[in-house]
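Presented below are the structures under discussion, each in the form of C-alpha cells.
Both of the next two complexes hold chain A, though its partner changes from chain B to chain C.
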Partner chain A sequence: MGYQFTKAEAERMFEKWGSQYDVFAPKLMEGEGCFSDTDVVRYGKVTSLDEIVWDRKSDYSLKEVLLAINETLFYFTEDKTTVPEGPQKDILIFLRSCDLCAVQRLDEIYLKNGYEDFYYARVRKRVKFILMGCKTSCASGFCVSMGTNQARQYDAYVKVDNTQKVVYADIKDKVLKAFVEGGKEIEVTPDYVTENVEKVNLPKNLSNKSFENTIWQEYGDRCIGCGRCNFACPTCTCFTMQDIFYKENAKVGERRRVWASCQVDGYTDMAGGHSYRKTQGERLRFKVMHKIYDFEKRFGYPMCVGCGRCDDICPEYISFSNCVNRLTKEEAEHEK
Partner chain B sequence: MKNEYIPQLSTIKEVIRHTDVEYTFRMEFTGEVKPGQFFEVSIPKFGEAPISVSGIGDGTVDLTIRRVGKVTNEIFETYVGEQLYLRGPYGNGFDLSEYKGKELVVIAGGTGLSPVKGVVDYFAKHPKEAKKVTLIAGFKSFNDILFREDFAWWEKEIEVIQTVDNAPDGYLGNTGMVTKYIPDLQLADIENTAFICVGPPVMIKFTVMEILKLQVPEKNIWVSHERKMCCGLGKCGHCKIGATYICLDGPVFNYVEGKELLD
Partner chain C sequence: MGMDINTKKLKKNAFRVSKERGIGASRIRVPGGYLDAKILGMVQEIAETYGNGYVHLTTRQGFEIEGIHLEDMEQINQKLQPIIEMLEINQTDPNTGYPASGTRNISACIGNNVCPFANYNTAKLAKRIEKEVFPNDLHFKIACTGCSNDCAKVRMHDFGIIGMTLPQYDPGRCVNCQACVKGCKSLSVNALRVENYKIVRDEEKCIGCGVCITKCPTRALTRSKKKYYKLTIMGRSGKKNPRLGEDFLVWADEDNIVKIICNTYRFVEKYISPSAPARKEHVGYIIDRVGFEEYKKWALEGVELLPETIVKECVYWSGIHFD
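== the complex of A and B ==
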C-alpha cells in the first residue's frame, strides 16, 4: 500500500525499523576512495534517511552485505571446529532495481546450483529489501537492455522527494507496514527508467567458435588483471578458501573464504603448477561470456544486470557494454 | 540446514607407498561413494585440496595423493593413526552400469589411474560383467609406477598393458606412450565398446584422437576433467568451464559433452 509521509513521519518510521533491523544502505564514505582525497559510496549501516546517498549509484554493490569480502567459515581449536555466529538481527537493505535483480543471481548460485550455502542462507533469510527508485538513468548503466530496470520483488519502496520535505513509500511487507504511523494513503509507483544512454544488444549466436574472435586479444592487451570489475560487480560470486593460523598460538586458526577474481593470476592454478586461461584476453572472454551467455545457458537468464559499475571502475577504461556491442556486431557479421 | 563446509575428522588406517612422492592413504569413511568422485581433504591451517577416490573398501576410502602442493606436502607428514579432515564425496563419479556388458578399455596416464581405479577394481573382481576389459596404463618411468600390488592381481583377471614413457636399455616391460597401444586393440564390435580416458589434458587429447581413429563413436568415450575445486559445491567458481561446473556436473563426462569443454 502507498503512503505519503512528511519527512518527520518517515524518519520516525525509519527509527522504528532501525530498532528491529540493522539497516544497510549506500553511504558516503568521505576520504575513503581508492585515491587520495576521494570519496566512495558503498554499503554501510545507517541510522537515518539522511545518511543514505539517494542522488547517485553506489560505487560498490549490495553484495558486500550478503557475502563478506572475507568470511570466517570456522575456527580450528585443537581438533574441534567452531562456526561463528550469524547475524543477530534481521536486516533491511536499501538498493536499486539493478541490484535487486542481482540478488536473484546471487540466490541462484548460493541457494541453488547444487548445494545450499549455509553462510549465505543464514544471512539471506533475515533480509528484506527496500527499493530506491531511479528517476533518471545513471551514465554507464544499461538496465533497460538487460530487463532489470523495474524490479518488483521488493518489500518496500521509499522515495525522498526533491524538496526533502515529503517521503513516498509503497510498503508491501506486513511487518514493515506495522511500523507505519500517520501519513496519507495514496497510490505510489516506484520510479524506474525506461531508457539509458548506454544500450546493449546481446549477441544471439555465441558458441565456442566465439573464442576465436580477435576482440578478446584486443581488450586483453589493455587489461591489467586487477580484478576491480569483479569486486564492483553485484553478480560476481567467486571465492577462494584460505586457512590461517595465529602467531600467538599455532594450534589455533581459522578457515576463511575470500572474494576471488577470474581476471587475477592464480585463479585456475592447480597443485603441481598446471593452470588454464593464462592470458588476460582469455580471462576477459571467460568473464564476458559468463555474464551474457554461459550463465543464461545454465539458468535461463543472463547474469549481467547492466549496472555499469565495471565500466565505472576499470582503471584501463575498458567498457563491458562496448565490448558486448562489438561482439554482437562482429559475431553477426561472421554468421553471414 | 547442513553446513557442507565443515569437514569431518577421519583416521588414517594404512599408508601404501607407491613412489617417493605418491602414497595412498586408506581413510576411515562410511557412506555412499563412487569411483571418480572426490573429497576435499584438509589439514587445519594449511588448507584444502580436492583428491579423487582411488579405492573403496569396507568402511574405508583410498585417497592417492601426490606431493605437489602446499596441502599435499603437509599430508605426507601425517601418518597411520593420525587424522585428516575430509568432506565429500563430491562430483558425479563413474556410473558402472554404462560399462557393463561391453568391451571396456580403460586408458590412464600417471596419477590419472587413481580416479578410475575403482572401475578397474570392480571389473577385475567381476570380469564376467563386461564382455572384455583392457587396461592401458602409462607412467613416466619404472619408478613412477603406482598400484604395483593391484597390477599383480588385475593381470590375472583382465587384459593389462602397463607401459613406461622412458626406460633404460634392457627394460623388459612395455615402453612408449599409451597411444602406441590403442591401434592394436582387438575389438569384436566397435559399437558395443566403452572407453574411459583419464590423465593430464595433453594425454587425454592425443588418446581420444587415437580412439576416434578406430571409428569408435564419440558417445562410447568417457573422460574425467581435472580442475581446481575450492569448494566442491558449485559456489566458488574456480572449476567452471563455460556453463559447466566440473565439481557438480563432472568430473566425469561423456566425450560428446566433454569435447565442448574448452578453456
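== the complex of A and C ==
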C-alpha cells in the first residue's frame, strides 16, 4: 500500500518503528574518512530520517549489520563454553536495490549452502528491509548490467521528497504498516534506474586458458593487496577464525570469526606453511572469477550486484568493471 | 637630478636593492603559498610592464619581480593593491604596498587540500598566523607542514608547525590485516604491534603522522576529532650556527600555538640587542643569549595547554658552529 506523508507524519512513524526496531541506515561519519577532513558513509544506528544519507551511495555496504566484522562465537572457560546472546531487538535496514539483491547472495551462502549458519540466521530472522530508491544512477554502479537495479523483495519503500517536506512510502509488511498514522493513500512505485554510465558485459565461455591471461599480471602488479574491495563489497562473505586467550588468564578466552579478504596476505595460508595464490595477480583473478563466473556456475546467477563500491574504494584505481569488460572483449576476439 | 632613495624604507616596503644601480625587485608575499590563479596574471602584468619580464619563485613561496626601476616603486605599489587585497594581507594604507618585510611570508606545504598524508589545512593556518603577526619588522620565519614528513622543511624555521592526529581505534572494525602495522613500520616509526589479533599503539613512540589511518581498509583507525600539532622552535640556516628546530610542544592545539608565536614577538621586543643593525637580530640568537628558561616563561604567558600536550622542559639545539 502506498502513502504520501508529510515529513512530520513520516518522522512520527519512523519514531514508532524505532521503538520496536533497531534501525540501521547509511550514515555520515564526519571526519572518519581515510584522509584528513574527509567523511565516510557507512551503516550505523539512526533515530530519524534526517540522519540517513539519501543523496549518495554508502562507501561500505549493509553487510556489516547482518554479518558483524568481529563476531564472538563463544567464550570459553576451563570447562564451559558460552554462546553470546544474539540481537535483542528486531532490525530495520535501509538499503538500495543493489544491496537488497546482495542480501539474496548472503542468504545463499549462509542459509542455503548446506547447513544454516546459526549466527547469521539469528540476526537475519529479525531483519526487515526498507528500500531506498535510486532516482539517478551512481557514477560507478552497473546494476542494470547485473539485473539488480530493481529489487522487489522489500518490506517497505521510503522516499524523502527533494523539498524535504513530503515522504512517499510503499509499505508491504503488515507489522510495519500497523504503525502508519495519517498520510494519504496513493500509488507509490520505487524509483529505480534503467541505465548506468558503466555497462558491463560478462564473459560467457571462460576456459582454464583465461588463467594465463596477461591482465592478471598487469592488475596484480598494481594491486597492493589491501582488501578494501572485499570489505566494501556487499557480497563478500569470507571470514577467518581467531582464538583469543585472555592475557590475565590464558585458560579463559573467546573464539571469534572476523572478516577476511582473499586479497590480503595470509588468506590461503595452511598448516605447514604452504600457501597457494601467492601473487596479487592470482588473488585478483580468483576474486573476479568468483564474482562473475564460479558463483554463477554453482547457484545460477552471478555473485556481483554491480554496486561499484570496489571501484570507488580502490586506492590504486583498479576498476573491476573495466577488468570484466576487458575479459569479455578478449574472449570475443579469441572466438573470431 | 641624482637618485635620492631611502633604502631602509625601500626594504621595509618589500622591495630589494639589486646589484645593478637603480634597479631593484618587488617581493610579493603569498601566505601558505596558496593563491587564486588570477593573481598570476597580475604578477605577469607587473613583470612585463615594470620589470624585465622575469619572476623568481622565492624560497618562501612568494614572487620576486626582477628588474624594476626604483623610480617606479609608487606605481608598482598601486598595481600590487589588488593582489594585497585578494590575499587579505594586513595593510596600513592602501596603495602603499607592503607595510613591512621583516616577518617573512608564512610558507606551507600543500596540506590537506590535496595531500593524502596531510593532517590539516596548512594554507588556512598560514593565513591565520599571517593575520596575527604581519606587519612586523622583526625578523621571523614561520612555516606550516601537514605531517611529520615535513615537506615544508619547517625545522629550518623559527617556528615550525607540524600536523598530527591521534589515531582512534575501534577494535570491533579491525580485521587484523596489519596494513597499519606494515605502514607504520615502513613509512613511519614502527609504533604499532599486534596483541591477541588487535593493534596496540606505543604512545611513547607514536608521532601522530596518521599513516596507519590512511592504510586502514575498514575505518577501524580514524582521525581524532581534534587536530593536533607539533611546534618546533628555533631552527635556522645562516652564517653562524645553522641548526634544525627542536620539538617544544607535542600534541598541542592551534590556538595556543598562535598565542605562543605572538608572545615570542613580545619577548623579542624586550630582549633584542639595542646594537642589532636595523633591529635585525634573529630570535634564536636572542634565546641563546637570554636562556631557554626565560624564553619559556615569556612564551607560555597566558597559555593554558591541553592536558595531553607535552611541553619540553628544556630544549637543546645542536647544529654546526662557525662563530
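One rule holds for everything that comes next: the second predicted complex is superposed on the first by the 336 of 336 C-alpha atoms of A that agree within 3 Å, B and C clash if a C-alpha of one lies under 4 Å from a C-alpha of the other, contacts with A are read in each partner's own complex, and residues count from 1 in each chain.
Everything below uses one rule, namely that a residue touches a chain if its C-beta (ideal position, glycine included) is under 8 Å from a C-beta of that chain, and two chains touch if they have at least 3 such contacts.
Owing to the predicted nature of the structure, the values given are computational and were not obtained by experimental measurement.
A.B. asks: If you stack the two complexes on chain A, which partner ends up touching A:F94: first (chain B), second (chain C), both, or neither?
C.D. replies: In the superposed model, A:F94 contacts neither chain B nor chain C.
A.B. asks: If we overlay the two complexes on their shared chain A, which of chain B and chain C does A:R42 touch? Say first, second, both or neither.
C.D. replies: second
A.B. asks: I'd like to know which partner A:F74 touches here: chain B for first, chain C for second, both or neither.
C.D. replies: Only chain B; A:F74 stays clear of chain C.
A.B. asks: So in the superposed three-chain picture, is A:E32 touching just chain B, just chain C, both, or none of them (first/second/both/neither)?
C.D. replies: After superposition on chain A, A:E32 lies in contact with chain C alone.
A.B. asks: Going by the touch definition up top, name the partner, chain B or chain C, that contacts more of chain A.
C.D. replies: Comparing touch counts on chain A for chain B and chain C gives B.
A.B. asks: One more residue to check, A:Q242. First (chain B), second (chain C), both or neither?
C.D. replies: both
A.B. asks: Tell me which partner A:G114 touches in the superposition: chain B (first), chain C (second), both or neither.
C.D. replies: In the superposition, A:G114 touches chain B alone.
A.B. asks: Identify the partner contact of A:A271: answer first if only chain B is touched, second if only chain C is, both if each is, neither if none is.
C.D. replies: first
A.B. asks: State whether A:G227 touches chain B only (first), chain C only (second), both chains, or neither.
C.D. replies: After superposition on chain A, A:G227 lies in contact with chain C alone.
A.B. asks: Contact-wise, after the overlay, does A:Y60 reach chain B, chain C, both or neither (first, second, both, neither)?
C.D. replies: second
A.B. asks: Which chain A residues are contacted by chain C in one complex and by chain B in the other?
C.D. replies: 242, 244-245, 260
A.B. asks: Name, in rising order, each residue of chain A that touches chain C in their complex.
C.D. replies: On the chain A side, the touching residues are 29, 31-37, 40, 42, 60, 68-70, 226-228, 231, 242, 244-247, 256, 258-261, 264-265.
A.B. asks: State the interface residues of chain A toward chain B in the complex, per the touch definition above.
C.D. replies: 73-74, 76, 79, 81, 83, 109-110, 113-119, 121-122, 208, 211, 237-245, 250, 253, 255, 257, 260, 262, 267-274, 276-277, 282, 286, 289-290, 293-295, 297-298
A.B. asks: Touching residues of chain B toward chain A in the complex: what are they?
C.D. replies: Interface residues on chain B, with respect to chain A: 1-7, 9, 42, 44-49, 66, 68-72, 83, 200-201, 226-228, 230-231, 233-238, 240, 242-243, 245, 247-248, 260, 262-263.
A.B. asks: So in the complex, which bits of chain C are touching chain A?
C.D. replies: 112, 116, 118-121, 146, 163, 165, 171-179, 195-197, 210, 213-219, 222-223, 225
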